[in-house]
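Structures are listed in the sections that come next.
Consider the two complexes below, in which subunit A is the common component and subunit B and subunit C are the respective partners.
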Partner chain A sequence: MATKALEVPPQPYTGEKARLTRAYDYLILVLALFLFIGIFHLHMMLTVGDWDFWQDWKDRQWWPLVTPLMMITFPAAVQAVLWSNFRLPMGATLCISCLLIGAWIARYFSYHLWNYFPINEVMPATMLPSALVLDAVLMLTNSVTVTSIVGGMAFALLFYPSNWPIFGMFHVPVEYNGAQLTIADLFGFQYIRASMPEYLRIIERGALRTYGQYATPLSAFCSAFLCTLMYPLWWYMGKAFATTKYVKNI
Partner chain B sequence: MSVASHDILPAKAAIKKSGLPWYIRDLYIYLLTFAGLTVIYVGLRSYQGEFGLLTGLDSSEPEFKTYWMRLLYIELGALALVFPALWGYLWFTRDRNLDAIAPKEEIRRYFTLTMWISIYTFAVYWAGSFFAEQDNSWHQASVRDSPFTASHIIEFYFNFPAYILLGGSAWIYARTRLPLFAKGFSLPLTLAVFGPFMLMIAVGFNEWGHTFWFREEFFGAPMHWSFAIGVWFGLGVSGILLQQVSRLIELLDQIEDAP
Partner chain C sequence: MTKTMMHLLGIFCLGLFGLTFAPNAVYAHGEKSLEPFIRMRTIQWYDVRWSQDKPRVNDELVITGKFHVAEDWPRAVPKPDASYLNVSSPGPVFVRTERYVNGQATAGSAALKLGGDYDFKIVLKARLPGRYHIHPFFNLHDAGAVMGPGHWIEVTGVPAAFTNPVKTLNGDVIDMETYGLANGIGWHAFWFALAAAWLLWWVRRPLFIPRNKMLQSGQGDALVTPLDRAIAAGILVVVPLVVFGAQAMTDSQYLNTIPLQTALDQIEPLAPVVNTGLVQVKVQRAEYDVPSRSMTIVTQIRNSSDQPVQIREFASGNVRFINLASHQANQDANQGIDDDTLVAPQGLSIDSPAPIKAGESRIVRLTGTDALWATQRLDGLIRDTDSRLGGLLFLIDATSNRYIASISSAVIPKFD
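And now, the complex of A and B:
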């Protein structure tokens, strides 16, 4: 029986062509590292901003809502390119790793060394566990729909338990001049910031306290719901930006 | 007189002397540019660390004019020289006979374009990540009393123009040296360069907003979202990657493999 030519799989490059493509990979890696640190970090600081900057902004109402919702954006867009075109299940992990590198450098050199904020007051939150799960769900299901629903929800719901071991110690109560505060609050009052009026308006609204211990899971589930919508939105934004069109006029 | 592709190639002896494979002939220039930019950015950050709290807190003080406004004028002067020099060089040394380009030379130019974009993203890192978040740190410690603060003089008036310079250079390089990019405007490359360029324009909106109230400095405020939207366009780099990979596969099929 004759073998059809089409059944022979394409052979990988060898020799110089293999070295050339490997060199190109390295160039792209360097490019991607700085690109995603630069653009994802700026996106994060201008949307999540203070909730990630400051220990005392890491509250029960907004922090678990805003952070995953804004952090699922670039991972979805990058997954749309890396998974669809290259079968690389690492878009989310790449983005979040780049973000953390950029955030930690800035917190140490800019906040701590230049303006003397204690590093404990300005530690960034992590979403690495969420990103790993998001990548794993996409890889295992190869489905935007399932990843939106299961991955998006997991991305948001894992946020608080992933971060609580890091930040919980700053939210224990202390007595200070006869008033009850948390350590995080104490940071805020000891290191006065120009944004204090905004801080007092936004954090820990009175109504939140009526929900007691339920505020955090409510915020997390609200974020999970919104992440299921945000994920496909940014997946298709990523697809749109990855256009290969050449146009006649700009 | 027109300049053909082979006219702007260096002599073979020069290629051999560098010891680099033909496709990454510009590697040393690329690494030197990284090193040079790092020296500039670290130098500027060190200057801030040395003189920020000493002389940068009050724009009405004479020291502020000496240490900070003078730096601003130096930056603007340097940029006024480098912009036309670099873009002019790229334009006047363009390849005027792109139809005659050999596959190997086109592959090499794709590598060089990738290096240009990589340098661009390096500048985007300093402007979009390091100095941008540092801007928040500074304005928490120092109430702004001028659009030219010790932070803004570097972030807005050096870093933003610097990445525009490098992004524009990548765009011009592609447009003048690669056939596909010369025949039509690459939409993702244009988005990836012009979107972040809009951050410079958004500075006007930002400073206008800050005239209403100190707003020091709720960083996630809607007033700042125009910066965020501009930077989303950086995702266009993925489209450039796809354009490049498609073309590189075609070109690699046209050349013989070597051991």
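And now, the complex of A and C:
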């Protein structure tokens, strides 16, 4: 039974052809791994940046708004390539896994070993549950429109709850000289960061107000709406660049 | 020929290496990076002291000091509406356990008032062994880091000995160094495992060329099997269930969580310490002689106190020119002077050194000559957009009462 489940559909190639195409698979996979670790991580550092770097930036309003919006980008583009051309529903999971590998390497080597921050202060957020759902929605619907709307919304809405089990405990209050702080805030105060003064944090600033004191659901839905637009945008970017027309002279 | 060239190249490289790693190389971490007019005319530090030089891991190091917020705040620098009293160190080699400004505990940012006087106390706890140049400094919003004086601190001991216990509001004592780490890694590992399973589920099959070929030939539907669809449907059910279940569990485990806190602390300045009016100082002219690296300041000093006063020191941008003739001038410890202090050895020369009598008004010419103007890059002032000098002038009377004036003036350069 178990072996039957693992059987693959009938293949067009056998023998030497199958061996060569398989070698090509591994070549592409290894390249993709390093490429996405590099560029998606760079994209994340430049767009989400401090929101993902520090405990005391992971607020209830801007963090769940900005992170999914910026993190649905590469998954959409890579899904466009892998699904349209190969019927492989793993673009989002692949991108986010690569991103997290890069993020963990950076947090461990450069934040912890090189700059001495305790790792718990600089833990990255996870988007893997969102990515798995996005891949599954695309596969089951085979539709960019439905994936944009349902998948994009799910991607954003799952972000905060899937990270709350990791970061919730850093929101336990402590008393600091007559005022309450979260443990996350205390990290920011205690562990000296010369170039990251407290006032740079964006905590409930701007026109995005809490409504009836519900900040996170509002942000999450705002992010969900924006993700439904961001998804097709990056899908078509992925499509536009997944072509050989730029290299036909080679 | 080539050999000579190689030797020359080798010598050149050695020279470069020597220049780069010379023992008195600049320990640059931003002390001199800002324009001189910002370092001289925003936060004016004085009386900065360190409680010890050689703490062991877990020992306390207390930095105390005072600062005056210059009245002549540069036009080019935003007003200090959000500023953060920080400590310059190579990362969190210390943790900051307490911080007070004017006796008031503060963990956030604060607004400062122009012309205000403040004192501060920062309590640090040594975390990592090593030798560090530690400064108090201010992050000024949209302006940069205005450094206070620096001091070499040598932390001894072993890093593993460091602990940072904190008591939460519900009474639990946690160690900040490890809190939540295992839990976080656990969740990441769990989702990684799931993601890896999903990726492997697909990667184990022949991928790109065969799948593309099948898709092109209209057999695309065979590429996704009923079992694949069942698993995907399972993901759509199980993943949200786990996510929302774990969220609910976290909520029930940590009942009282609060959002990140942010506040702008309101800290009133002290009763005036600088520019109290008892001894008034007006600058009539300031000249900087570039070749001799010498600043001459012509001041009009009016002593409205009831004691004769003497000029003791002029300090600007953490460089200190001390009137070596003033009594007590050599009591270095009393003035917080040590090996790390930027003191001009020739001091401050004064054209009329006799004490200024009570009620007297006198024109005094002060000259501070030292290479520190150049090495601390304060002489860049004359080529700045706002080439005004600022600093603190300290005067004392016979009973050691101190009068401080924050002075400022345009500077006229003498290029040769």
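Quick note on the criterion: the second predicted complex is superposed on the first by the 216 of 250 C-alpha atoms of A that agree within 3 Å, B and C clash if a C-alpha of one lies under 4 Å from a C-alpha of the other, contacts with A are read in each partner's own complex, and residues count from 1 in each chain.
As a working rule, contacts are C-beta pairs under 8 Å (C-beta built on N, C-alpha and C of every residue); 3 or more make two chains touch, one makes a residue touch a chain.
Given the structure is predicted, the values throughout are model-derived calculations rather than measurements.
In the superposed model, A:Tyr24 lies in contact with both subunit B and subunit C.
In the superposition on chain A, contact is made by A:Tyr13 with both subunit B and subunit C. Between subunit B and subunit C, C touches the greater number of residues of subunit A.
When the two structures are aligned on the shared chain, A:Ala136 is found in touch with subunit C, with no touch to subunit B.
Once chain A of one complex is fitted onto chain A of the other, the partner contacts of A:Phe53 are limited to subunit B, with no touch recorded for subunit C.
In the overlay built on the shared chain, the residue A:Gln190 is in contact with subunit C alone; subunit B does not reach it.
In the superposition on chain A, subunit A positions 13, 21, 24, 28, 85, 115-117, 193-195, 198 are in contact with subunit B in one complex as well as with subunit C in the other.
Every residue of subunit A that touches subunit B in the complex is listed here, in rising order: 13-17, 19-21, 23-24, 27-28, 30-32, 34-35, 37-39, 41-43, 45-51, 53, 66, 74, 77-78, 81, 85, 102-103, 105-107, 109-111, 113-117, 193-195, 198, 202, 237-238, 241-250.
Note for the complex: subunit C touches subunit A at residues 29-30, 82-84, 86-89, 91-99, 105, 107-109, 127-128, 137, 139, 141, 145, 164, 166-170, 172, 174, 176-181, 183-184, 187-188, 191-192, 194-196, 198-199, 202-215, 217, 220, 222-225, 227-229, 232-233, 235-236, 239-240, 242-244, 246-247, 249-251, 253-254, 256-264. By the touch criterion given at the top, residues 21, 23-24, 45, 48-49, 52, 107, 111, 114-115, 117-118, 121-122, 124-130, 132-134, 136-143, 180-181, 183-188, 190-191, 196, 214-221, 224-225, 227-228, 231-239, 241-243, 246, 248, 252, 255, 257-259 of subunit B touch subunit A in their complex.
Residues of subunit A touching subunit C in their complex: 5-6, 8-13, 18, 21-22, 24-25, 28-29, 56, 58-60, 85-90, 93-94, 96-97, 100, 104, 115-120, 123-124, 126, 128-129, 131-133, 135-137, 139-140, 154, 158, 161-162, 164-187, 189-195, 197-199, 201, 203-204, 215.
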